[in-house]
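First chain A sits with chain B, and in the next complex the same chain sits with chain C.
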Partner chain A sequence: MKTTGWNLKRNVTFQLFVLPALIGYLIFYIYPLVQTFIYSFTNYSLYHLDMEWIGIDNYTRLFKDDSVIIGIKNTVIYALLITLLQNGLAIPLAIALNRPLKSRNGLRLVFFAPAVLSPLVVGFLWSYLMSSTDYGLINQALRAIGLNDVNWLGNPKLALYSILLTQVWQWTGYAMVIYLANLQGISKDYYEAASIDGAKAWTVFRQITLPLLLPSISFNTVMGMIGGLKVFDVIFAMTGGGPGHSTETIVMTLINKGITESQFGYGSSFAVVFSLLIMIVAFIQLKVLKKWEERLF
Partner chain B sequence: MKKALRVVASLLLCSAILSACGGNGNNTGSESPAPTNNSASNNTEEATVKIIGFNKEETRKSYLELLRQQFPNYDIQFQFVDNKQFKNVVTTYLASGEGPDIIEGTESSWIAAGYLEDLTNQPFVSRYYDTGIKGFTQNGKVYAIPLQSWFEGIWYNKEIFAQNNLTPPKSFDEWMELHDTLRNAGVKPQAMGAKSWESMMKQSIGVALNDFYSKPEGKDFDGKFGTGEATLSEAWLSAFKKWDETIAKKNLTPDMLGVEYDQALDEFATGKAAMWESGPWAYETLLQKNPNLKLGMFPIPGSAEGSGWLVGGPGSSWSVNKNAKNKDAALKVLDFTSTPEAQAALIKDNFGTSFLEGVDNSGIPEQYADSKAAFDEGHVYVPWGNWGTLAGNDIIMELGKQLQDHLAGVKSIEEVLKNTDKKAEEIRNSMK
Partner chain C sequence: MKTIDSYRRSDLILEILLIILALGMVVPIYYLFITTFKSSIDATLHPMWLPVEWKFLGYVEAWKAMNYPRVFLNNLVITVSSVAGVLLFASLAAYSFARRQTRLNNFIFYLILIGVTVPFQVATIPLFRLISNLGLIDNPAAVIFVNIFTLISFNIFLIKNFINTVPMELEESASIDGCGVTGTFFRITLPLLLPVIATVAILNTLTTWNDFFSPLLFLQSREKGVILQEVYRNIGKFSVDWTAFFPMMVLGIAPLLAFYVFMQRFIISGITTGAVKG
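Right, the complex of A and B next:
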């Protein structure tokens, strides 16, 4: 295409507008990314400020480290469950609140409101609600109906799921809003046609609503997985990774090794492996969802 | 023109990548200024002095007020960071070449990295007893001055004890019986914020101080542990098995793993529990929550009858950031801190004994009267400050977390010590 003088001037202007963001991206993303990758092959720490190249030693050590195995296990369990639960609850919630209810605006607000709170605040709040002391409101409620206290955050087998519960509470409303927006974009003609054909509710949901919700399902599940894999703040607030190491995640382990113990090179190898893990998970998810989309249409 | 812009963008990308490959400059701080001899009262320059600490500001209130009176030209700023994240926050500051001027505490990693100012030749250092300076000396160089000693024992509710005809125990077995008596009377014997890694760690070490460190075999242990010649699994096992009786007898229970330090404080302050392990820093908060609370502190008892031991030592300290923006002012603050007046102000809000020569430490507040015998016999110690290059929080944090697993029933006491030894080995290896 022949570039006219006016087109050229516009292109240069657009690219100049992009330049500050590009510079920021290079300084705050690309530069640290490359530097981290390089550090991961060194023994860089507060004891070795003049770092030396050690090849893949950090990586081989990482996969033999018990705390890493625990961190990966906890992170994968957490990320899978939060994605499933959050979206499994958000879809029916969105469908219900898409109906012409009188109170729907109020209900939408109620379900969305927790999402505007800081995860740290939510964590501290719930850690008091779930406290094992007499002040713990949840156990007080359980006692009032004749049930025994539950050691929500002190039982190593239960603590991670207790934290998961609070996050489902906090973020289901957020996913619901995305689904609502998608639902409102679905043409009513489909439902009218289904109604004429005598289709039952479940058939309508399976054949019409669910396929047309795929764009938001893709978005919410990918974002849910990424958010779940990166979780740190709420766990820090509620259990600090305890009891013991039972709720430590990859990010917590990375911070413990890389910052608390000042093993910067070793911590960098964590960051590299973790980034690759997220990229692989996101890639697989998108591929699977795309295939599903193609099959349905 | 388009091609030129593409080239510019590509060059920017390449330079970002190549600059990330560049070497890391050595951390060279400014040269240490000459030791200060000037009286603080002659000081007229203006400066901002930033202090960062893991003890809350209210425990430094009188001292900070005194500093501001003494240095009217200085803007003294105090930042509290919870001990859980203190090392992370300060390490990040120091690694970036920034950070506060005065830091509470020292870490061997900060010293190794050259982040802390060498105070050896400062005139105020010689005003302290060697016992106070020793813990902040590495390779013959002094990196901090001690603040008041800290200690931790068992706070007890005097009224509950009196109602049940109880007195502070002289032995561990007596302490266990005391728990039974209280439980049978319908009183929760002990509050414990086991969500924090510190409480059980200190209590178990308290028994080790009685049963191991007071014996000849305990005298040289810490230096050997620091170098890897000795292990906790061998040295501490007997004492830790003794302490473990408190878990077997359900004085400490798994539900305490869901209790925060502050929640345990509330339980004790409001009379819901008869005992709680903590230190002088909690005294004012306890009385604020319950002004009618009558409390005392007794040391952690051991297997044999005796005065018991308090977990504690040469407290926290003030060190100086080598890259401090106002190093001269920071050193003047340390100089003034090394006076009886400043030491008295420190002790006023957070009782401890001073390591400054000539300070009268004979007055012990009434609430610590039950610990007087332990003070008189010098039964105040903390091992981890004397582990050489292993000194710091990393190992005791791991010990605390392993004890949480033990309380939850996941690990045996043998595994707790073995895993802590493993952590020590990992840290030693990372230094090689």
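Right, the complex of A and C next:
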């Protein structure tokens, strides 16, 4: 009898441990999310504060709205490229820093440093650096070596990629530090054996380093994708979505429709589509990485 | 015998290339700092040189214009409360998820994982209404609650993964000795979790300190605002005397940069422990 009472008490305590997290999460995260879903089927806006059901009208309107489609397109391009570039640069960088270099700690300190800066301030700083006025440092440098000015942020075809560049600068060191830690956990024996066998550098990378890096590759690419899909601060600081809609991303469009234009219902339908998109992307990524892991081992 | 880890000639070349790359990466930060001491003419004519004439008044003016001590304190209160709150609630919940895999617990865990992927920004409209209905507009508690319960998913995820790697024997023997769940957690498990707690504490600090979205949404008076809102308020105010904005940017990043420089070893090893094990 005593044991059941004891066990019951233990189980209740364990369940109580979850409670503070769960209650706050339900109130501040799930409840607004569910409401967003409900709003998305109404005409709720500043002019229709007494909302009415309008079925899927918001959704059909959404896929005809050019500014929404541009927002999705920009965001997907941005998220894919930031993930690819950041990881494509961070892996070789981490492998290089894993050599017994004398300046290793100093280099690591410098490469990681941009990650602690606020993306908003980084955005402001780089808009000065990329400015087309006479103080823009990058254009000054281009002129000094006899090249023409580039309209980094004013050219609608280029602006998104200019912003991307600043974020590669800011986040590559972060991904690198995670790869580096992973590399330092790999036993040296693998490499000793490969070197005795006379394996080429590329083979060593392909057969040993890459498979053993997979845990951090999953972490970095999934986090990179999610961070890329919800990018806001830096774009807000650098272009505010312009010129035109050329750098408008999903979160920015969401704020414009939902808050600035007060189209609560319509903005919510966009939020729902975005949530589905981000969940699908994360799911596919984890599946692919898992497959990859099975194949490599 | 030469081992795989001895310094080769190729490493010297590698080292030189990496140092050049690192110098290139520092240029924007160097430019940011050096420009704060220059007049706008000096900065336009000689952007990379040391100032012709050092001017320090910019910092004094920026400090006053931003009401710096006030906003710094606001930032500090928000960050410390958010980080402490999320660490406490997340480690309690993660412990329960890791050690009691009942159907109910697993369901709640998957529900909480949604928060890792879908950013709370998608629910901005209802969240804003909720906060106003609770009467929390212009109250730092709004930002603190939103921080805690939107960061909590990722925190629980990392901490639970870590607990899975901690052997259960110690907890079991504590429980045989008559130690309750709460006692076991605080006396036995929590100390073992310190590496991952350090990791998430650092990640949470970076995120909440640099957060601009929630303060922008919920804190409207200057009395309650954070540092970044003051930086934002002043952008574009100095079109002629443009270097006057630079000390404000520096004051915007200085606290975390100082934190990083003094604690760098701890921060870098901290960030990696949780992420790689997880």
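Note that the second predicted complex is superposed on the first by the 286 of 297 C-alpha atoms of A that agree within 3 Å, B and C clash if a C-alpha of one lies under 4 Å from a C-alpha of the other, contacts with A are read in each partner's own complex, and residues count from 1 in each chain.
Here is the rule we go by: a residue touches a chain if its C-beta (ideal position, glycine included) is under 8 Å from a C-beta of that chain, and two chains touch if they have at least 3 such contacts.
The structure displayed is predicted, hence computed values, not measured ones.
Participant: Taking the superposition on A as described, I'd like to know which of chain B and chain C A:L153 touches: first, second, both or neither.
Facilitator: A:L153: touches chain B, not chain C.
Participant: According to the stated criteria, A:I255 is in contact with first (chain B), second (chain C), both, or neither; which is it?
Facilitator: In the superposed model, A:I255 contacts both chain B and chain C.
Participant: For A:L22, decide between first (touching chain B), second (touching chain C), both and neither.
Facilitator: both
Participant: For A:W171 in the superposed arrangement: first (chain B), second (chain C), both or neither?
Facilitator: neither
Participant: For A:F219, decide between first (touching chain B), second (touching chain C), both and neither.
Facilitator: second
Participant: Check whether A:T239 is in contact with chain B, with chain C, with both or with neither, and answer first, second, both or neither.
Facilitator: first
Participant: What is the contact status of A:M130 with respect to chain B (first) and chain C (second): first, second, both, or neither?
Facilitator: Touch status of A:M130: first partner only.
Participant: Specify the partner with more touching residues on chain A, choosing between chain B and chain C.
Facilitator: Touching more residues of chain A than the other partner does is C.
Participant: Could you look at A:Y31 and tell me whether it touches chain B, chain C, both or neither (first, second, both, neither)?
Facilitator: Both chain B and chain C are touched by A:Y31.
Participant: For A:L46, decide between first (touching chain B), second (touching chain C), both and neither.
Facilitator: The answer is first: A:L46 touches chain B but not chain C.
Participant: Determine where on chain A the residues touched by chain B overlap those touched by chain C, and list them.
Facilitator: Residues 11, 15, 22, 27, 30-33, 35, 128, 134-135, 255, 259, which sit in both footprints.
Participant: Across the complex, what residues on chain A touch chain C?
Facilitator: On the chain A side, the touching residues are 9-11, 13-15, 17-18, 20-22, 24-25, 27-33, 35-36, 39, 93, 96-97, 99-103, 106-121, 124-126, 128-129, 134-135, 137, 140, 169, 173-174, 177-178, 180-182, 185, 188, 191-192, 195, 215-216, 219, 226, 229-230, 232-233, 236-237, 251, 254-255, 258-259, 264, 267-268, 271-272, 274-275, 278-279, 282.
Participant: So in the complex, the part of chain B that touches chain A is made up of which residues?
Facilitator: My answer: residues 1-2, 5, 9, 12-13, 16-17, 19-21, 24, 26-27, 84, 87-88, 91-92, 95, 109-110, 112-114, 194-195, 197, 254-260, 263-264, 266-267, 272, 394, 401-402, 404-405, 407-408, 410-411, 427, 430-431.
Participant: In their shared complex, at which residues does chain C touch chain A?
Facilitator: Counting only chain C, the residues touching chain A are 3-7, 11, 14-15, 18-19, 22, 25-26, 28-29, 31-32, 40, 43-44, 47-48, 88-90, 92-93, 95-97, 99-100, 104-105, 108, 111-112, 114-128, 130, 145-146, 148-150, 152-153, 156, 175, 180-182, 185, 206, 209-210, 212-213, 228, 231-232, 235, 242, 245, 249, 252-253, 256-257, 259-260, 264, 267-269, 271-273, 275-276, 278.
Participant: Quick one: in the complex, what on chain A touches chain B?
Facilitator: Listed in rising order, the residues of chain A that touch chain B are 3, 8, 11-12, 15, 22-23, 26-27, 30-35, 38, 44-47, 49-51, 127-128, 130-136, 149, 151-156, 239-246, 255, 259-263, 266.
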